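Listed after this line are the structures, all set down as C-alpha cells.
Here subunit A shows up in two complexes: once beside subunit B, once beside subunit C.
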Partner chain A sequence: FDVSQSYKSHLRNCVNSGIRGSYQYSVVVSSPCFSFDCVVSSHSYLLNPFTILSCVAKSTCGLNNAVLSLFILSTVKGNVLLSAIFLSLATYQSIYPLTLCASALLYLMQRQYIPVNFRRASFWWFIVQYAFMYLGSLFVIVCLSFFLLGSWDFLPSVYGFILSVPDLTPNIGLFWYFFAEMFEHFRLFFLCVFQINVFFYTIPLSIKLKEHPVFLIFMQLAVISIFKSYPTVGDIALYMAFLPVWSHLHRFLRNIFLVCCVLLTCSALFPVLWHLWIYAGSANSNFYYAITLLFNVAQILLVSDYFYAFLRREHHLCYGLYLKRKDGSEATLVLK
Partner chain B sequence: MAAHGCSYSALLLIICSVSVFIVADSQDTSLSGGHHAAAVEDNPQAATEAAGKTSEQPAVEERSWEATEVEEATLHEAAADKQDTPAPETEAPSPVPQPKDDFQEELVIRPLHSGDIYASFQFRTLWETDFMSGNKVSHYRLFPKSLGQVISKFSVRELHISFTQGYWRTMQWGQPFQPAPPGAELWVWFQDSVTDVDGTWKELTNVLSGIFCASLNFIDSTNTVQPSASFKPLGIGNVTDHRFLRYATLPREIVCTENLTPWKKLLPCGSKAGLTVLLKSEKLFHSSFHSQAVHIRPVCQDWQCKTTSWELRQTLNVVFDLHTSGQGKREWSLFKMFSRTLTEACPLASSSKIYIDITDDPQGELFELSPATPLLSQAMVLGDRRTFSVYDLTQPVTFGTVRSLNPLIRWKSSEGDMLRPLLHAERYVAGYGLQTGEIHTLMYNNHPYRSFPVLLLDTVPWYLRLYIHTLTVTSKGKDNTPSYIHYQPSKDRLRPHLLEMLVQLPPNSVTEVTVQFERALLKWTEYTPDPNHGFYVGSSVISSLVPSIVAMDTNITMDRPLFSSFFPCKEESSFFVRVYTEPLLVNLPTPDFSMPYNVICLTCTVVAVGYGSLYNLLTRSFQIDEPSPGLAKRLANIIRRMRGVPPL
Partner chain C sequence: MGLLSDPNRRRALISLLTRLNAPICVVCYMAGVAWFMGLAFEPFTLRTYMSENAMGSTMVEERFPAGERALTTGREFAAHKKKAGGMPVDWLVKTMQSHGLEVFTQRFSRTLPFPDENKERYMVKGTNVYGILRAPRASRTEALVLSAPCTPGDNNNQAVGLLLGLAQYFRSQVFWAKDIIFLVNEHDLIGMQAWLEGYHHTNTTGMDWSPLQGRGGSIQAALSLELSSDVITSLDLVLEGLNGQLPNLDLVNLFYAFCQKIGVLCTTQGKLQRNDWDSVSGYSHAVQTMMLMVMKQASGRSWGDHGLFLRYHIEAATIKGINSFRPYKTDITTIGRLMEGMYRKLNNLLERLHQSYFFYLMPSLSHFVSIGYYMPAFGLLAVILLLRALDLWVQLTAPPPRTEDGVVDPEQMSSPGVLSVLTPLVISHLTGVALYTLPIRFQEMAVEHFPVSETEAVVLTAIAVYTAGLALPHNTNRLLSGGGTEQGWKVLKLVAVLYLAVLLGCTALINFSLGFILAITLVPVAAFVTPHVPKFLSAFVMIILSPACTLLFSVFFFQELQEMPISFLDGWMLYLSVISQGILDHCLYGSLVYPLIALLVYPCWLIFWNILFWK
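Take a look at the complex of A and B:
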C-alpha cells in the first residue's frame, strides 16, 4: 500500500502543478480515501486464490514475491542502496528481475530530480552508482553461494536450468508443450527467441513510460510473469495485487469483462483437464495445453488493456476529457 | 642331343630342387608351429622369457595362420588320442606337457516339480595365455578369436553378458545355476591400465553388439551404472576399485535366432558335433525361459595359483513347459525337448557329460530313467547335496548299439514337495495416474531360524524421479534400517538413479522396500515408436551369501562338474545366490505426437498477440478520429484537386 500511497501523492502533485481544468480533477481522484485503496491492494494479494494456492503447494514463490515487494518498497521510498540489494537478491533467485533495473533507475532519478538526458553527467554518474551497488551485491551473494557449496556447479544448474528449459513438466506457461514438441533442429533458435522475448520489452517500455516508473514496474512484472520459462500462479498473484492501485483507470478499460470471465473459467478448468489427462486418461495433453494458451491470452489482454487505459488517461489529462471534433461533434480516439 | 640332354637334366634338376624346397617349407612350417606351441607352453612357466619370445612371435606371425590350420588338424588326432587317457588339468606339475587349451562340455537336466524340465548347457574353454603382462597374442586355437581380440583390445579383466527371454520363477522352479535378468545384461571389469573407462565401455558395447547381433549399442550413459558393492569379480584378482566396473541392462531386448547363431559360432565344435547339435532354435525358443550367456574371467590353473589362464564359459539355460512343449505328458526325452539325439561327443572336448538330477528320486519310485547308466555323481550345488546320473559321451559304450543317446525320463507319480528356495524377491509398481507412483520390492527370507544380509541394487532411469526421502524398509511391520546405503541421484538425460543397500533379512519374514517417484514428460523424440506400451525399468539385483543347510566342501582342486563351480565360495556353510526381480513396465504421460507444427503455430500466435498489442501501444499515439468522407465526396475532391480548386 505504500506504493499506492506514493503514487497518489505523485498524481496530486501533477494536478496541483497546473494541469488545466477542474474536470481533470474528477479524473484524478476517483476514490474518497487513499488508505482504503491501500488496504484493498494488500487484501487483493493476501486473499487472492492464486496466493492461497501457492501457499498450499508450499512453493517458494512467496519468498520471491516478498523480495520483489521489498525492492519496490525501497525504490518508492527512495533508498538507493536497499533497492539495489533487494533487486540483486531477486535476480539471484531467478534472472528475470534484471529487467526491473531500468524502472528502478527511472524512479530513483525522478525522485532525486536528475533529468533523464543522455548528455548530462549526473545521469551517467547515477547509473554508475546504481550499477555498482547492484552488481556488487549480486557478486557478493554469488560468491557466498560458491563458498557454501565449494564449486561453481550451481551456476549451470540454477541459471542454466532457467535459460535452457530442460525439464518439461506441465505448468501454466507456454514453454513446456512448445519444447516438448519442438523439432530438435530448431530447439536452440526458439529457446533464444523465447528468452529474448522476456528481456526485449524493457527498452521500449522504458522509453514510453519514462515519466511513470511505477506503472513501468507493474508492466515489467506482468511481462515477466507471463513469459518466463517456469511461471506459477504466485507470480500472477503479485502483479494482480497492483491492479487496485490503478482503480482510476477502470473507466477506460475496454475488455475487462471478457478477460475476467476467461481468467475465471481457465482457473476452474485447469485442474479438471489435468485430472482428465493424467488420472482419468480420457483426455490428452492437448486439452490442458489449450487451456494454457487461453489463460495466457487472457493475461496478455489484461495487461495490454491496462496499458491502453493508462495511456488514454494520460492523453485525456493533457487534452481534456470530453473531446470534440472539428465540426463540434463528439470525437472518438483511436491509435494511429 | 647332348644339349637337349643337358637341358632335360637341368630341367629335372630345377623341378627336383623346387619340390624339395616346397617339402622343406611345409616341414619347416609345422616345425616352427610346433616350436611356437612349445614356446606358448613355456610362457606360463617362464613369464620373464616373454619379452624374448615377443621378438620371435612377429617372425612367426605370418606363418601362424597356416600353423593354425595345421595345428587344428593335428589337434583333432591328438584329441582323439587323448580321449583314452584324459589328463586332468588341475594336476600338480607333471613331466607330461599339459594340454594347451581345454574344452569341456556338459548338460544338466533337472526335472522340476511342476512337470517342467530344466536343461542347462555349459561349455568351458580354458585358454592359457597371459594378457596381464601386455603380450600381444595372435595364436588362437580353441578360444574364439573374436572374443580374444576383444579382451586384448579393451583390456578387459572380466566380461559377463547374458541374453534372456522370459522370467525365472524361483518359487516354482527353484534356484537356477546361472541367474539372469530378462533382456540383456552386461557387466565388465576393466584392468587397471585403462585410463578412460567410459570411452572404452562405449566402444566395447558397440563391438559386442556386432559380435552377438544384439542392439547393445543402446547402452549409453543413461543406463550404465557403477555399482559400489555388488558385482564383485568372479575370477581371480585382488583389485576391487569400482571405478573399473560398469554394469548395464537392457530389459527391452528380445532374444532370437540371430543371437543364438553367433553364440554357437564361438564354440570350438560349432554346431556340428557334441552337445551343440541339440541347440536348434525352433525348439529352444518354444520354451518358458531361455537364457544364453558368455562369461570370461581369469582363473587359477592349479592349487598354488602360480599361473592364470582365461576361462570362457558359455551357458544356456532353458525351461521347457509341460503343456506347450511336453503336450501335457510328464515324460521327457532329449528328442522331445530338442528334436535331436546325440550321436557323438565333440572331438575337441576333453570331457563331455550329461547329468540327470535324480536327488528327488533315490529309490526310483518317482520317475524312471532309461537307458540306465552305472555312473553316479554327487555334487554340492546351491547349498544342497544332489545326486546325478551321469552319461559320459566320450565313452562309445554310452551310445549303445543304436549309436545314439536319447535319455528318457518318465514320471510314475506326481508327489513330492520341492525344497523352498531360501531367498526370493518380487517387485511391482503401485499407484494410479500418470503423475506419481511407488516402487515396492519384496524380499522373502524362507530360512526358519537364520537371518542373513542381502545387497540390493536398484537402477532406475532418470525419467522416474525418485523421492529418496520417502524410502522405507520394513520387516515384519517394523522399520529395518539398512547398514549401508549408497545412493547416486540421477541427472536428466545423463545418468540413472543408483541405489545400493545392505539389508539384514530376519528369519522367515518378508522385507518390503518402498520408494515413491514422479514421472517426467519427455521430448516427443525421446519416446519409443510404441509409447503407450510403457517404459521398462531394469530388474533389481539381490546378491547374498545364503546359509546352507548342508556343509559345503570348498576343496577346489577336486574335479567338480562345471555347474557347481561357477560362483567361488570361501565359506563352508553358505553359498552365493543372486536373485533378479521382475522388470517393471511404467507408463509416462505422452504429448500428442501428431501436433508439432500445430503447437509451434499456436504458441507463436499467442506470443505474437502479446507482441502485437504491446507494439501498437508503444509506437502509436492517440488521435481524434476524423471520419473519412463518402465515396461521392472523395471523387469530387479528386476532381477539384485536379482543377486546382480547394476541396469540400
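Take a look at the complex of A and C:
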C-alpha cells in the first residue's frame, strides 16, 4: 500500500514536469485515481487466491514477499542504508533478488540527482557506497548464520540447492521437466544456461528503462518469479499486486483478455491434471508440463504486454496521442 | 506472433468474429453435435488391438476341467447363504482353507446418511472373506484379484462357485508369478470399498472396518464376476467405474481376444455387435451402444464391483454372464477356461497396463474412439463460449465516441462493474452450498413435519432448494444498489461464460461424457441469454435445459436405449431414486457428480437465470 502510494506521487511529479499540450490530458494520471489504485493494490495482494493458497500451504513465501516489499518501500523513500539492508536480506533468502541491485541503484541515483554516466566520479562513488553497504550487511547476516549453526554447511544446502536444482519435484516452473529427461553429461551446461537466463535480462532492461527504475523493479520481479528454479504462486502474487499501480497503462494493453483467460484456465487445470496424473494414472507428466508451459507463456505475455504499454505511453507523452502521417491520415503504431 | 502484435490484422479478425458471432456459434454447435454422432459410424472408429507386448505373444492352452464341481460348490454356497441369512463366513473360510489358500476376513460397518430404498439398507454390517494364493516361486510383490459379490437371494451363487473352483485349480499350477487374491465381498460396493480402503490404508469415506491381516503386494489388475445361471449365452463386459473412470483399453482387448479364441459371444452394454455398419439400423445400433456408455459414464457411479479399483490405479472390469433366449449355450467349464486364460495372460505383465488408452468410447466391443477423436466435439462447443466472451469483451472495451476536440473521457467504467458482479456470484454460490448441505442436514426436521420417509425427504428437499433458487433474481435485484446497468449484465455474462468454459473443460477432462452432456444443454443457454430476449419463452427454454431437467430426460432416454420404456409416473419415481442414489454415491464412495452439480454447475446456471431477469 505504502509502496504504491509513494510511487504514484513520484509519478505525478515526473509527469507534471513533462506535460506538453492538450494531448496529454488523457494520458496523464488523474489525481482521484491515486488513492483508489493504492487500495486496489493492497487488496489485490491480500485477496489474491495465489496469496491465500501460499498461506494455506504454510509457505515462507509470505516472508520473502514482505522483505522484498520493504526493500521497494525503502528504495522509493530514498533511504540508501535500509534499501541495501533489505536487499541483502532478500538475497540471503534466495539469490535471485541480486538482480534488483541495478534497479535500486538507478532509482537512488536519480533521486539524488547523480547522472548515470560512466565517466563521472560521483557515479562510481555512489556505487561503491551502495555495494559496501549491501555486501557488508550480506556478510554480517551470513556470519550470523554461521555463528547460529556452527558450521558452513548451510551455504551449499541453501545456495547450492537453488543453483544446482537437485530436487525435481514437479512445480509450476520450467526446470523440473527438462532436468528430469536430460542426460547427466549435459546437465551442467543446461544448468548454466537456465540460471544465466534469470540474471541476463538485467542488462538490456536496465539500459532501456534507466529513466524508469520503478518499472524496472517490477519487470525484474516478474522475470525472477517466472524463471527462478523453484517458483511458487506466492512469487506470482507479489508482482501481480503491483499491476494496479500501472492502471494508467490499461488502455495500451493489447492482449490482456487472452492472457487473463489463459491464466485462469491454467490455474483451474493445474489441480485437474495433477489429479489425473498422480491419482488416476490416466495422464502422464506431459499433460501437467504442457499446462506449466502455457501458464509461463501467459505470464511472459502479460509482462511483455505491460512493457509494450509502458513504452507506448512514453512515446505518446513525447509525440502526442493521435498520430498523423505526413499527409494527415491516421497512423498506427507498430512494434517491430 | 503476427496476430498478437500487428494491429491491422488483429482489428480485421476481431471485427470478423464480432460481426459473424451468432452464425459461427450456431455452425459450431451443429458441427459439435454432428461430430459426436458421427463417432459411432464405423469407418471413423479404429479396431481394437493389443498394445501391451507382454500380453501378446504367449500361446496359452487353458485346461480348466472342473465346471460341474464349481456348480455343486455354488449350490452349497446358496444353501449356506440361506441358512446364515447373509454371508456364510465360516463355510467360506473352511472351503478356501481346504483348497490351500491363506484365508482372512474383514468386518466392516457403515450407517448410511439416509436409508437406501433401492437396496433396502440403512445400517450396514458385513464381512468380506478373501483367500490369497501365494505365488510358488516368485517374491510376493504383485497381486491379481478375482472377486465375486455375495448378494442376497438367488444371485451370483454360480459366480462364487466358479471362483472357488478356479482357486482350487490354480493352486495346483506352478507357474503363477503373482499372488492371486480370491475375494467374496458382502453388500457389493460397500464391502468392496471397505476392502480396498483396508488394503491401501486409506480412509476417505468414514467407514469402520477392521484392519486386513493378510496382503499380497500391489494389485496389478482385478476382475469381478457376476454369474447367476448354470449356462449362459453371452458374456457382458462392464467398464464404467466411479466418476466415469475407465480401465485401460488393453483389458477390454484381452477379454475380446479370449472370447474370440474360445468362441463365446461377448457384448458390451448388453448389445451384440452387428456387421452391417453401412445400413441405417446398423448405425443406429452402434449409436445406441455408444450412448448407453456415455450415459453410464456421465452418471459417475460404478456399474459393477470393479469400479472402485480404478481409483487406486488398478485396471479392473466386471464380467457378467447373461442367459437369454439364444439356442447356443456355453457352460461353466468354458467360462472357467476363459478366466484361466485371462489370468495367465495377466500373470505375464511386467508393469501396470499403461500402453493403451485410458480415455475412449466404445460403439462396439471391437471398435473404439480415442480421446483425440472425441475431444474436438467438445472443443467445438467450448469455442462457442470463447467466441461469446470475445464478443462481450469487445463490446465492453469499445472506446466511447470521441468529441471534436479529441479529448476523451478517461473514466472507463470497469471498476464499479467488477463489484456489482460479485453480488450475484456470491448469492448463486450460497444457493449451491445450500443445495449441497441442506437435504441431508434437515432430513429429520422434514420427516417430523411432513409424512414422508427419510429418502423422500432428502430428495424432495433437494428439489425444493433447486426450485427456490429460481425465485432469486427478483430478490437480488432489490439488494443491488441502484439496480443494474447495461454494462453490469455484460460484465456478469462475461465472467459467467468464462467460468462455464473453464468448468466444462475441467469436467470433460476428468469425465468426458458428463462434460459433453452438460455442454450440449448449457452452452446454448450461456451463449444466447441476455435481458433483451422474450422473457417467458427463454425462461421456459432455460428450465428445460437446466441440469435437473437434463437429468429427467436422461432417465427416460436411458430407459429407451435399454429397450425398456417406462411410463411417466414410473419415470418420475426412477428420477427421484436416481437423485437419492447420486447423493448416496457421493457420501459412500466419494463420487463427484453430486458436488459438481450442486456447488458449481447449478450456481453457474443461476447466474445465467439472473442475467435473464436483469433489470
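Just so it is clear, the second predicted complex is superposed on the first by the 330 of 336 C-alpha atoms of A that agree within 3 Å, B and C clash if a C-alpha of one lies under 4 Å from a C-alpha of the other, contacts with A are read in each partner's own complex, and residues count from 1 in each chain.
One rule holds in what follows: a residue touches a chain if its C-beta (ideal position, glycine included) is under 8 Å from a C-beta of that chain, and two chains touch if they have at least 3 such contacts.
Here the structure is a predicted model, which is why all the values come from computation and not from measurement.
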Ask   = Does subunit B (first) or subunit C (second) touch A:Ile226, or do both, or does neither?
value = first
Query = Which one hits more subunit A residues, subunit B or subunit C?
reply = B
Key: First, second, both or neither for A:Tyr177, with subunit B first and subunit C second   = first
Ask   = Touching A:Tyr279 in the superposition: subunit B (first), subunit C (second), both, neither?
value = both
Request  = Would you check which partner chain A:Pro204 touches, where first means subunit B only, second means subunit C only, and both and neither mean what they say?
outcome  = first
Request  = Name the contact category of A:Leu321: first (subunit B only), second (subunit C only), both, or neither.
outcome  = second
Inquiry  = Quick check for you: in the superposed arrangement, does A:Asp167 touch first (subunit B), second (subunit C), both or neither?
reply    = first
Query = Which holds for A:Asn255: it touches subunit B only (first), subunit C only (second), both, or neither?
reply = second
Ask   = After superposition on the shared chain, which partner residues are touched by A:Leu293: those of subunit B (first), subunit C (second), both, or neither?
value = first
Task = Could you tell me which stretches of subunit A are touched by subunit B in one complex and by subunit C in the other?
result = 279, 281, 301, 332-335
Inquiry  = Could you list, by residue number, the parts of subunit B that touch subunit A in their complex?
reply    = 432-435, 492-493, 520-525, 589-592, 595-596, 599-600, 602-603, 606-607, 609-611, 613-614, 616-618, 620-626
Ask   = What part of subunit A is in contact with subunit B in the complex they form?
value = 166-170, 174, 176-184, 190, 194, 197, 201, 204-205, 208, 226-227, 277-279, 281, 284-286, 289, 293, 296-297, 300-301, 304, 307-308, 311-312, 315, 323, 325-326, 331-336
Message = Can you tell me which positions in subunit C touch subunit A when the two form their complex?
response = 4-8, 10, 245, 310-311, 313, 352, 354, 358-359, 386, 389-390, 393, 405-408, 410, 412, 415, 498, 501-503, 505-506, 509-510
Request  = Over in the complex, which subunit A residues touch subunit C? Could you list them?
outcome  = 22-23, 25-26, 30, 36, 40, 250-251, 254-255, 257-258, 261, 264-265, 268-269, 272-273, 275-276, 279-283, 301, 321-322, 332-335
